[in-house]
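Structure first, then comments.
Should a chain be cited, it is by its letter among A, B, C and D, assigned in written order, with residues numbered from 1 in that chain.
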Amino acid sequence: MERIRILVTGGTFDKEYNELPGALFFKSTHAGDMLRLGRCLLDVEIEPLMMIDSLQMTDADRALILARCRDVPEARIVITHGTDTMAETAAVLGPGTQGKTVVLTGAMVPYTFGSSDGMFNLGTALAFVQTLGEGVYVAMNGLCFAWDNVRKDKKKGIFEAVKADG
Amino acid sequence: MERIRILVTGGTFDKEYNELPGALFFKSTHAGDMLRLGRCLLDVEIEPLMMIDSLQMTDADRALILARCRDVPEARIVITHGTDTMAETAAVLGPGTQGKTVVLTGAMVPYTFGSSDGMFNLGTALAFVQTLGEGVYVAMNGLCFAWDNVRKDKKKGIFEAVKADG
Amino acid sequence: MERIRILVTGGTFDKEYNELPGALFFKSTHAGDMLRLGRCLLDVEIEPLMMIDSLQMTDADRALILARCRDVPEARIVITHGTDTMAETAAVLGPGTQGKTVVLTGAMVPYTFGSSDGMFNLGTALAFVQTLGEGVYVAMNGLCFAWDNVRKDKKKGIFEAVKADG
Amino acid sequence: MERIRILVTGGTFDKEYNELPGALFFKSTHAGDMLRLGRCLLDVEIEPLMMIDSLQMTDADRALILARCRDVPEARIVITHGTDTMAETAAVLGPGTQGKTVVLTGAMVPYTFGSSDGMFNLGTALAFVQTLGEGVYVAMNGLCFAWDNVRKDKKKGIFEAVKADG
């Protein structure tokens, strides 16, 4: 079985509720818990790169993600990422990642809140990354978008194709 | 966007807890709720065929599922199914369903129990059905098996390939 | 702070879903997890006596519960119990337990299923046991019934007073 | 059965996650849902007074709460309230509410997040309000404090007595 790498960058996916200040924060990634809950038997290596809100993501952060996509031995990579700038990161990775299949995914609601779309999205991302050819994709809302044909509609909280026939 | 049909047959996926007798039972499918929770924007038609434990599934039930796979207008079909005889149903559909992509999936724990693998599995199934070519498949544990190369290990509660290089 | 003893006897409260046979079973009590989730700071001693469905409870089991109510050093005792025969056990403890406040409680839905009444019922039981005088009570549905004035309406799944002015 | 009034003022108890800005907000109270989940059969009247974070609560807000405690026909009242200034509101109500039993409660984690202490606290509050005599109390952490002997330890996120023998 071909190993898949999951690069963790944070995002709503991994936010938790801190009851003392009553605010959201990052502790550690839930990707492993989610794979166990999904009874996932894929050969997966989880690598936390950063734990940040994607609105805080800098060019340097994106350069690091790109470098890891190039350097890791696996040819199939899933990236968990905040939704707000997921399309921007995809646009950086798209031209720079040859010979690999990279799928970005995330969640609109934190996994720990019980009503999250995270489990569904992670499931789609892990299936897309196994079956799609070389390229960089965004997997959200059950759909899979090419890196150069996706944007987040921030008013609706959904992803959509940019091109008319997307 | 190409429409996907979800044929619902029951299974653990859709079981609920009936508090009066204190037993599990079927009421109606949760597939629609699950798609909403997953913020799924695919064009999906949900068709409940039966609501049964797959150990109770008869040859006539499987003939009905096969007939629906052939007759529905969609070329991409997901079937929610109990895990105990999922491989048997796949073996009936495999030789009889040409020109379509059919993915069977299910869950080890009911969706309503909070700790279910159902959301993850449904996510993988909907991604596999969009990307795989013609054929009948089982999507469980993050993996996708061809209909003639899958069995459930009932002691471990997992699916595995039958052939050594599966 | 006066210590409270929780005697655990099983019941729906503590049932779990075993995914291999697809059936409900008992593993160990969730009373400790529930107190942690409730941020409970009471001085509580949890003592598992048995882990059974209350329909299986025998006279010998009830004699054991009665003996423990008499023998434990605490004067305030909560008993977690299946709902089907909770009133019968209360009727055994009522005449036999002097000088103590004993509150039986349980749940219609297992704690592990997410939509349980267990947390609410445990909260009421721990409050009633602190404030009520000597006697044996059943705490269900937010109400508190004396041991000689309670029955379960098994069709409705609720508890009610037997006497008109109960 | 004596009717109990629940006065809703907001607090963490009723906060929800708004997925578009990714922030917590108030929509409407969950008190009714929680009573249904708890299979509560008490005669309860829910009255939303305000939906605010208790750090934003003003003297005018507290005057309104006090006026409602005096004016409502029920002699037994539960108030859901943010934890940060629960003790301050209790101190306003204590001297001003004669002839009634008033219990303030809340939660450290929103009810909608699945891992909340809200169901437990609401259970304790509804039990305390039925059994305690005239006075104003805070029900948190399984405990019940008199209005003039309680404070929140904000570092630990718990409530405690002020007086040594509290």
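As a working rule, a residue touches a chain if its C-beta (ideal position, glycine included) is under 8 Å from a C-beta of that chain, and two chains touch if they have at least 3 such contacts.
Because the structure is predicted, anything quoted here is derived from the model rather than measured.
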| item | value |
| --- | --- |
| Equivalent interface positions on chain C and chain D, same or different at half | same |
| Label of the chain whose CA centroid is most distant from the centroid of chain A | C |
| Intercentroid distance (Cα basis), chain D paired with chain C, Å | 26 |
| Distance between the centres, which are taken as Cα means, of chain D and chain B, whole angstrom | 45 |
| Chain centre separation (chain B, chain C; CA means) in Å | 40 |
| Of all residues in chain D, the ones touching two or more other chains | 108, 114-115, 157 |
| Each pair of chains that touches, named by its two labels | A-B, A-D, B-C, C-D |
| Contacting residues of chain B [partner chain C, same complex] | 12, 15, 17, 19-20, 22-24, 53, 108-110, 112-115, 154-155, 157 |
| Residues on chain B engaged by chain A in the complex (per definition of touch) | 34-35, 37-42, 108, 114-117, 119-128, 130-132, 139-144, 157-158 |
